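A, B and C label the chains in the order they appear, each numbered from 1.
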């Protein structure tokens, strides 16, 4: 099945040119909701519209995620792409490691496996020293030093469910996400351990200033369900 | 060893024609009791008599189950059959996944393995969206979309311990259950997360309106023991 | 890459001859800090200066440690060497066991694997009966009897990150530590279970009288980062 390039182009247009203007297909707010990607496809994804431009020298990205996909299957968990670069892609790799890539080679982490049960997954990075870590259910991985001095470029497209290739239309079913995502939040700074643990336990934390699940602007494409989080 | 067709026919008669009439072999109430299936057989099973007809468009089925059977062994966990259909069968598959089938192909879930320790296992399904999930020790699996619009048919036979085949007498030792089952309850609606967690922790929850372990009507067949739950 | 023998010699000089005299490269105090060894090298290490001579007939050594190194990789966790002997080396072995060596053959323990998340690891030994045990997150391993009557010799060099060979310059990248170490403390006696558990939970315990992380004198060499423990 081929993806419709016009559709992708529209998403890019909406996201990059009119990020704050509601469109007929755009929806707002996912409080107490879960995104369910029920099947493997090359056309189902959710475009997320950030509250501010993603020119970033630090960030915290958090989400709760569950999947039944087998361990050896590559899975895209988050994709932020500008015209020429994968600015910030988060993957579960074929070898089970969790990784992220900013404009080139990635950083790879050995974490407990994603499973059918929800995992609280956060990723923190700051440009000054390049310290990067994943946080699983509030516990930090070992730090890695990754791309000190780097900046993430603004004005791209953020997708859940698919990895947009360099060539528009290059969505691959075998990289797609199948499962559930909820409570995705993103901040343009590194949250402290206590804040990340508070988020894990659903206590009060500062609202994400890039993405705030409760007020998220998003566009559903293909076969994605929005269901109550019981 | 062959099963006695007349015996099965009697069970079917008792269960489907006289569900609320005590017989010499029927017993009532399993509060604080555990059913122990000590050996692999093709003749040991427990027939359960529901409190109401099982014409269902939603349900929650819960039980506590423990088994020492090896991971690669298929195990029937619950079988509800009408004349022509396996209406609701729950299995541990050869590949370790837990599954359920309603009149045809099944839905398969990767769960933590059943073990010699007791697992709280619930299954929820509702017909409208087809959302199906297992709950292990109060934690929900990833949702799967399974047979939206389907209805379970009434007037069948419910067995623990064996899978009744289309042809009467088709019980197979290599599918039988060996181990312990207790606290099986069933409701004709989907319990909330908090209710399922309450059940897991043995707090007070609404009594099952299809099956209530404390007042269960059941008939023992073959080699099944009723022992105190210490 | 070869190590510079002069550099090692300097370290030995600083440590053994001027242990309490600050030098231009010596630093003091690691309270709320973590040592990050980001890459595999044969030149990155931290020399630790003890508060008193390490002539020991008993000790408790504690640290919090995290590593992403694969399970089959040998890792040096602590190295204390005098001119002719490895006085006290702590290893994660190739087979995953954790071990320690005092002047010869070692003692090997099956512990939960070190991981990307922090493990609280203590080691206790006393010379009288030779009782030795590791403590993981406050839980004691089975005791082993190891070298009763033995004494650890004073006036050596303590390194984190590398294992100094008999021949100066014999640092091996494939034995080096990669990951994080924090809160290393050492006492010249065996702490009680309740004290070790208190330390694990970061409650108040007697300050280490050989090493006290908060007032630690240390010298960084090669590529080691001191970062805030968030």
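Quick note on the criterion: contacts are C-beta pairs under 8 Å (C-beta built on N, C-alpha and C of every residue); 3 or more make two chains touch, one makes a residue touch a chain.
The structure displayed is predicted, hence computed values, not measured ones.
Shown here, the protein chains touch in a chain-like sequence that does not close on itself.
Between chain B and chain C, the superposing rotation on Cα atoms measures out at 180°, rounded to the nearest 5. Relative to chain C, the chain whose mean Cα position lies farthest away is B. Here the CA centre of chain A is 39 Å from the CA centre of chain B.
Between chain B and chain C, the centres computed from C-alpha atoms are 55 Å apart.
Listed for chain B are no residues, as none touches two or more other chains. Residues 34, 36, 38-39, 66-68, 70, 115-118, 179-180, 225, 227, 230 of chain A touch chain B in their complex. On chain A, the positions that touch chain C within their shared complex are 109-111, 129, 131, 134, 136, 139-145, 190, 192-193.
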